[in-house]
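Next up: some structures, all given as structure tokens.
Presented sequentially are two complexes of chain A, the first with chain B as partner and the second with chain C.
So, the complex of A and B:
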């Protein structure tokens, strides 16, 4: 038997040393350096700040999305919920005349309900989460369109508009919150048993159940989390543009999958981290940013992003298969 | 009779290397025409790899194989089939959503000019084959997934036979079958042998080998140990060669039963029922007792174990533990009460195959190994893990190793350690030694008896009678989804239990 010592025994799933968990850092740093030297526009405070601000809004949606991916489940309705929540909060604020914070709270609660429906159907009736949430994606897109029709491009003013514009010093609060949340989640997921158990449930929910963990409840909770964080992100995004945009959240689910899988999450569950998903978002934002400065045709940009998703998912499957062979 | 002339299959110096691991190391032996030749060895001895090489599914790193005097020039399944070799895998390769006929003749769509399937022809041909083996429980048009495991296996064998092979390879054909079904299968193999077929088969069941095999080749750690003739074969010689050590009779030695059973009830299940699955099952576990539960396949033992632990829903049941009724029958509630469950299928659940052994050990006691901030105390956990690795002598490269990369025996030990590390009051174990080698088996039995002597209640569900007899103070027997009776102490014999397991108790004449 080979030796082992008490000190070097960190064994967390999320911290296992393998190339695939770190590859996103290398990719991001590589692209960062490339863009810094290859373009004049990339490495400037304004540009980097603007990228960070973009990410800080999508980031909310990816928190829940990543947690759900750790469960081995997927939420294709994030984008629709994201768009819907902005429109709903706007409707409650403008049409119902509710104070912003109440409108915000009600919106998030309703999103939680949407997530709960996803979770109940998937967990209780053993339906594929991909299918259920594609259905929910369509449902919520419909509701979003109805609300936007009702709002007839009214501009959100007052508290709603200033919500996202609040700053701490010179920095938008969303960027500060992004950093704090990443650090907190990274620590909790690695160290706290209440969070680490997510990985165990994601890896084998039946095993977790045998050892007394309420797997089903945790899985359902993560569907709720996904919808709630998408809802929060959607309201922040609506606050930024100060109206309910028909394009809000469209295609977001693909950005989320690509970023999370680039960040080491697996469609098979049991892997992933909020930090690395956020780096994945940053990577994608840099790709888009770079393509713009090289004036790549917008349609070709779409082609590139699609290819990145295919490659990321393929690498995930090949790696996972190899490690399980 | 000259040995050399009768050899149909000659295996010459076959080696197989997987990276640094030597799965086979210059294995040489011969198989005679028209014999049933058993391959025996502990898990990881290389038997499966060897038959896969014969079948052409794996390429050897060195060595050659001769069939009927001809050197096998290629290692590819199609080539081997062309040479007259067929194989039935341990994991059956059947089309569950198709009929028995389609499973017997999977290539039938490829025949005929317009490739239209002549159903009547094939169905009647299928019926003929089934009839010729007096296999009357299935009909050709039946869907494969409505046939039980033994039947599916039989159909797969018949499919191989239809190709008229010289050699039939079977990888643990009886492992999923109950005794009765296994016996019927072995009788069929004997018939096939009489027709001139040569059969090589892998099995862990010593009695079966003793009864039906003409010769047996024992392997150990990828090496050939010996080939024994019928008159040299007995339980002791097989076990000795398999383990490479003189094996004392500790394995199935009868222990002394607890004569005066403590009348205090520790755990009681009252009238557990589920429509079509279980009829009102009740059982009691007395303090300090090891209770065995036995039943043949389909008798409901596995479902009972899962239901009383809350892994499957029940229509109604009352479960009492240490005099208190358990309010909600869920696994979470059980663990809270100090009741744990060793799963019967470690591949499917019971282990986190891609997490470290430490993570596995932590799983049922996450709260205990964490501080008040819910942070896992890695040092404490490492200490616990280390002590169990030593106590169970688990062969493992580091605490970070994942069960996926361990042998079956070590996986099973990790799973048992995960249960015992929680200091349970009651342990429900389901098939504690399924598919593991004799050495690990003994260790697991000793660990179970050990904790039982410390006062932990144990309920063992097992389909292996000798195992139950050596572990239990009392055995409950199930038959056709109900509890059929119980036997304790010196009355427990293989015969008495088997009788209860196969005949409804009203019919068992008293």
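So, the complex of A and C:
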């Protein structure tokens, strides 16, 4: 299949509309319009704001996750690290009595270490990133459970609690940061050579090496990036609920995969963008939101999410095949 | 490919050697360190935890040899368990209910197989999508079921609780499947094909092997094995719930990789899968019997998995360097 994925940067970009690159915008706009006209509750400032706030927290984790997908690697430990970092920051804050910012910094550093281990094992031993990160997922889920056991549902107060609640003007800082990060990454990935090489590495890391790109180092850095962004997201999420929840981050890796793939990323690498992954998250949030307002059985929501994922990928594959013929 | 005699070097280099060795060490530690390890209750619970997990792991092993995998298998178990108990509660006869359970397994496997084999979706995405859908269906059926808490007929319960010379039927069934699969993978032409297809899909296509059909068939096989595991489990515990099979897909993949499989395909044996499962079950047993908080278990299992994967990668790399491939 990997021969299909090398299309985005090939010479005919611009001459041909790449279906998988734009489909998420059409899907998102279509659903947005549908929900606006079909329900009374969807198109209100409060509802849209709360959707944006939800996304702005998961968004941090998807930044690194998408960059790693562009490399053609995957990080299954993203959910565990997300849950672990919230619990660890809470532990350092509550039990060790560290100031919040120090606890936050230490947590992010430790997550970077976790990502470094993933990266080192995958890159140095040439093994499947999925397998290694499933191992890491299990390890971090274990540590998370240990920490949560120690914390025994202590509430995080003070700086920790107010971290996520800080506002610039009337808007939560996480939403503002989301917009800024999307713009910055979109510009960098499209314009900056240093970031454009990510796609080359994802398409063929060995060829990229021949052209003098430090493939291995870039791939390793992206594993670190994935763990760091998941760690930041985890602390923000823990700050929001103000305690270490056992459910934090559970299944997040599947949300991330669904959103990123809807946003045109491929597990074979060389494709994807932060903006489109974020729109993918927004789309998923709209689906959930819409189904709640139509009072759809929550279990059918799962069926629908699974169906969306499979249809999106099937359509993508069918279109990619057609455009090759 | 062929083993030249039983030289020590060959034995050590076999991929399942590591897991068999650490399983035996763990067994000895448990046998000598704990008074209640050989207690009948403990052995019973070990048998009934190993048998269903091993059935699922066998299916996963076949998929991994082909270079694919199935994350929907736990959800399939939940749906089969809940459906079979619903059927039994509504008065359907035992053989028909069991048949219905297998039918669901076949159906889920077939859909997975089509998506992965024919449409060409990455198994990770395809089977996660199916996992969501099957799980949603299972929970929906569950919410209909929980008012009636049916007592299973005795002819059904015997499937889970019946024993022959102290060994559960389900354990014997698992052993039979193990023997069949081992012979199939080692001595059967079609079985050998799994390794060729997993080792190099393109080359095997040029040789005229139909990998699409093979992928569909093996996904159906894992569906059937998951259904069997679900039926044994609900028959043993006397009820079905939504947690049946939850997370078993990860445990099965971990067991298989510990037992010598690789996600890149072309490697693995049924015996390796079984020892991977036994290791995981003994591990749980270890944490219970020595009263270590079970939260540490994940940490240990995950770390072992990373070490095994890294060591496997290191050895492959070294071998390829010696062969001059790099």
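The rule we apply is simple: the second predicted complex is superposed on the first by the 294 of 325 C-alpha atoms of A that agree within 3 Å, B and C clash if a C-alpha of one lies under 4 Å from a C-alpha of the other, contacts with A are read in each partner's own complex, and residues count from 1 in each chain.
In this section, a residue touches a chain if its C-beta (ideal position, glycine included) is under 8 Å from a C-beta of that chain, and two chains touch if they have at least 3 such contacts.
Quick caveat, the model's predicted, so the values are computed rather than measured.
*Asks:* Under the stated touch criterion, which partner chain does A:270 make contact with: chain B (first), chain C (second), both, or neither?
*Replies:* First partner only, chain B.
*Asks:* Based on the superposed arrangement, let me know which partner A:197 touches: chain B (first), chain C (second), both, or neither?
*Replies:* A:197 sits against chain B, while chain C stays out of touch.
*Asks:* Could you tell me if A:126 is touching chain B, chain C, both of them or neither one (first, second, both, neither)?
*Replies:* Once the two structures are laid over each other on A, A:126 reaches chain C alone.
*Asks:* Using the superposition on chain A described above, determine whether A:214 touches chain B (first), chain C (second), both, or neither.
*Replies:* In the superposition, A:214 touches chain B alone.
*Asks:* Which of the two partners, first being chain B and second being chain C, lies in contact with A:206: first, second, both, or neither?
*Replies:* first
*Asks:* After the superposition on A, what does A:141 contact: first (chain B), second (chain C), both or neither?
*Replies:* second
*Asks:* Looking only at contacts as defined up top, I'd like to know whether chain B or chain C touches more of chain A.
*Replies:* Between chain B and chain C, C touches the greater number of residues in chain A.
*Asks:* Please write out, lowest number first, the residues of chain A touched by both chain B and chain C across the two complexes.
*Replies:* 1
*Asks:* Mind pulling up the chain C residues that touch chain A in the complex?
*Replies:* For this pair, the touching residues of chain C are 115, 119-122, 124-126, 128-137, 139-140, 143, 250, 253-254, 257, 262-264, 293, 295-303, 305-306, 309-310, 312-314, 316-317.
*Asks:* Any idea which chain A residues touch chain C in the complex?
*Replies:* 1, 74, 117, 121, 125-128, 130-132, 134-143, 145-146, 149, 254, 257-258, 261, 267-268, 297, 299-307, 309-310, 313-314, 317
*Asks:* Within their complex, state which residues of chain B touch chain A.
*Replies:* Contacts found on chain B: 309, 311, 330-332, 334-336, 340-341, 343, 348-356, 358-359, 362-364, 366-367, 369-370, 373-376, 378-379, 381-383, 386, 389, 395-400, 404, 418.
*Asks:* Once bound in the complex, which stretches of chain A touch chain B?
*Replies:* 1-2, 4, 6-7, 9-13, 191-194, 196-197, 199-200, 203-204, 206-214, 270, 323-324
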